[in-house]
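Order of writing sets the chain letters: A, B and C. Residues in each chain are counted from 1.
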């Protein structure tokens, strides 16, 4: 087997040193009836050629985003990833290194985490950010738990702008941890959700997404004011992180915690994971934050260096009193994010955001002309919702048959909510004029 | 009259009338190593003997400080909040954590005196 | 004239090497100092070429971002150089043996990386129409099949994002089963051995359980009598790692499982150490109800400097109905996803909820599957055997030089304590830091907590005998040096790494968690 260096001669010699007759002797603590004598019922070993052939065959059955005009978003977005990003993250020293618990020989990881934390804090307009969470949805759950710790209250209010699967993740965690939750009905564009009316004296936090699940931008300022007036926190959720190159950041609108999904920057679609959860907050809350934090310090020679810090919040020290049971971050995905953001820089990031917005505005204008289409959004970034004259799920299916991946029917995530005619559509810098024209033409055929 | 008592969790209580001052022992600060953070309760809070009164953290460990006596928190040592190194420097004096107005001074009777604590610590080695 | 060649240049490498040769740049040959990205800011430079869009009417409402963000401007060559230089400051499994106990740092085959980057895998969206991702669902279904066969368990939830997330998922399923039995209120206690990973008590506490610690025996295993005494009608579950964190197989595991079930509780197994038994023992045969599998350990998806991981959970018959959404089913029209509560209702299951948006770590699934298919049933069994053989070889070779708290055989990792350092003035930490100067990443230290000054070594199966022999010889030499009063080699170590010991106290006392632009210079009066 190509990955196993020991030869039969090695094994014999080693057993001699151990003083065992066979490797079976080493497994003698396993209860006898649980020892498998033969092989499990699975195929035998295969060479690279065979494995590659089998997996390529599965891959070929999928329609990849690059092969068609592609407009699917709803929490994961297809953006261009510069070639340098994927090259750099595959360097052995990044790819095959462990968590940087030995800072003397992991300054590479630690320094990029420090850079990552800085970028995320700057972009969200917050004081500090952690070294990432699993993804946006789980980060959102952790943010709610953190708000409960900070406020010593136990009820969260989730806005109808929140991605339904994020809401489900929060609900799951809240239910099991014994916290209360109010989930507002889906907030369709064009109507202002009166969330302030739902904030009471026992409310720990309100969770609002912008751009919202239906693409509409949300004014966080009045919500922050209402929350703060009652001693509650505002958690802002940003699943499309490119938006912050063009849109006022939550930190400037009064958010106390910002949770983001960083997939859009540097990371591919990957059918839903791995992604990278971004988590930023105010300085005064740092000890209540979940997840790893990297901090600056000096070494024995007085040189600047970085370490994981404030780890007494974490499970490996605090055990059952930890702020979270989280034990990992999204290391390599943070690195991809950081490298891509480094390449973009201030100008590149803002321009990328403008291109995205222009692409979506152009698409909205084209689709609005198709009979049977009504665009619902007033203010949006690179995603919007349209009402179509047929069930959106059927429309998406029919579009796929015509070689266009046209978005996400709201009913896929919100079945039975009476939203069967809503289709959520995204357009990014990847789409060309021709792609958008093809979409409009195909939609006209379908409707 | 001032009197000092100890717990087997390495807290000390210094009593002055019905006021109890609570801290961690010199032995405890040595075991913890460099203290980096101290979390203190709100003044006015009422706590029962055995409740968590404060949290003390070093780089590698976090420990709860339990109050050996019940009462109302009347003062906390904000100096060690700002400069946690103070706990290492003078654990038995300026590095105190909280002052309580005791509700049940009889709780003191269960605690060790200085000699008993000394013996207790020696027994740990 | 020895030592001179014809051009008159000295060829001898003799002569005193200046101690601590200071350089102008601070660089030391291939070890290059590197500024922070923000210090490379060069306004006007940019690492991408993007064209400004044609004029259009923005529809951002009144949400247009104002002012500078503060991101630095850097060209592509400078960005590439920056991260290449940073990378050179990291240790990696590709460069050397990584003996971190409990972490399973094994070789990461590059075929797996290649497969994850196929456009049909890496460039598909989780919410595309299901008919356009049949191959992806087939891949998930195939992975599920392998995991179920290898563990002998009938069900699996693929979506958890990491080991600790898998633990949470497993314990949620247990709680859901107890709720369904009407016993949720009554069962409030979870038993966790002292030697457990910190995530176990943290997970139980997150779900509101009271954590009750089980002591270990002198042999490093669960104290069966103490454990039985703690069982009762208020116990929800036991969370046990097997092989345990001392690197030992829990001999009484079947008795433990029987007692747990008799008491009406469930058996959660932390599968972090599955590498020791894959292909040789099926957890399903041990009476386990739920176990997470760290794909980044046993199935070699890269650790990536701390993630991303993946933590699928396998379930016994009793817990399968509660496994979370989403899951893949194979019907007459191909594969489909059960995503929503409505879907599950139609499918006749009672999932407890959802762990994450979308379907889990697809990028890790494909890598793990490529790894499994490459090994096959025979190769995976060999993985466990070689991992256990390597660890026992380390234990046998070093037990007289270091000190081993427990009798062997061990499983995939060898545990030592600090008795061999007694009276030397050298502590476990110093010993480990001296390994850095010898070109090794230290082993896991001070864990598990049940032995004093623990040193936990997991060589894994992908180390050759030659590599392990050099590692053993190095540790023997270090142990000898410690015992012969060569304290300096340890207490100041490491001396030769990109950074020496870092001041963690200063970092924690006044945390600096981000770069800040230098304060603007005072304007002239």
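Operating definition for what follows: a contact is a pair of C-beta atoms (placed from the backbone, for glycine too) under 8 Å apart; a residue touches a chain by one contact, two chains touch by 3 or more.
Here the structure is a predicted model, which is why all the values come from computation and not from measurement.
For chain B, the chain whose average C-alpha position is most distant is A. Centrality by Cα centroid goes to chain C. Distance between chain A and chain B, defined via averaged C-alpha coordinates, is recorded as 44 Å.
One simple way to say how far apart two chains are is to compare their mean CA positions; for chain B and chain C this gives 38 Å.
Computed from the mean C-alpha positions, the centre of chain A lies at a distance of 20 Å from the centre of chain C. Residues of chain B in contact with at least two other chains: 37, 57-59. Touching of two or more other chains is recorded for residues 504, 508 of chain C. Across the assembly, chain A contributes 312, 317-318, 321 as residues in contact with two or more other chains. Residues 504-505, 508-509 of chain C are the ones that touch chain B when the two sit in their complex.
Residues 287, 311-312, 317-318, 321 of chain A are the ones touching chain B in the complex.
Partner chain A is touched in their complex by these residues of chain B: 37, 39, 57-62, 64. Residues 33-34, 36-37, 57-59, 84-85 of chain B touch chain C in their complex.
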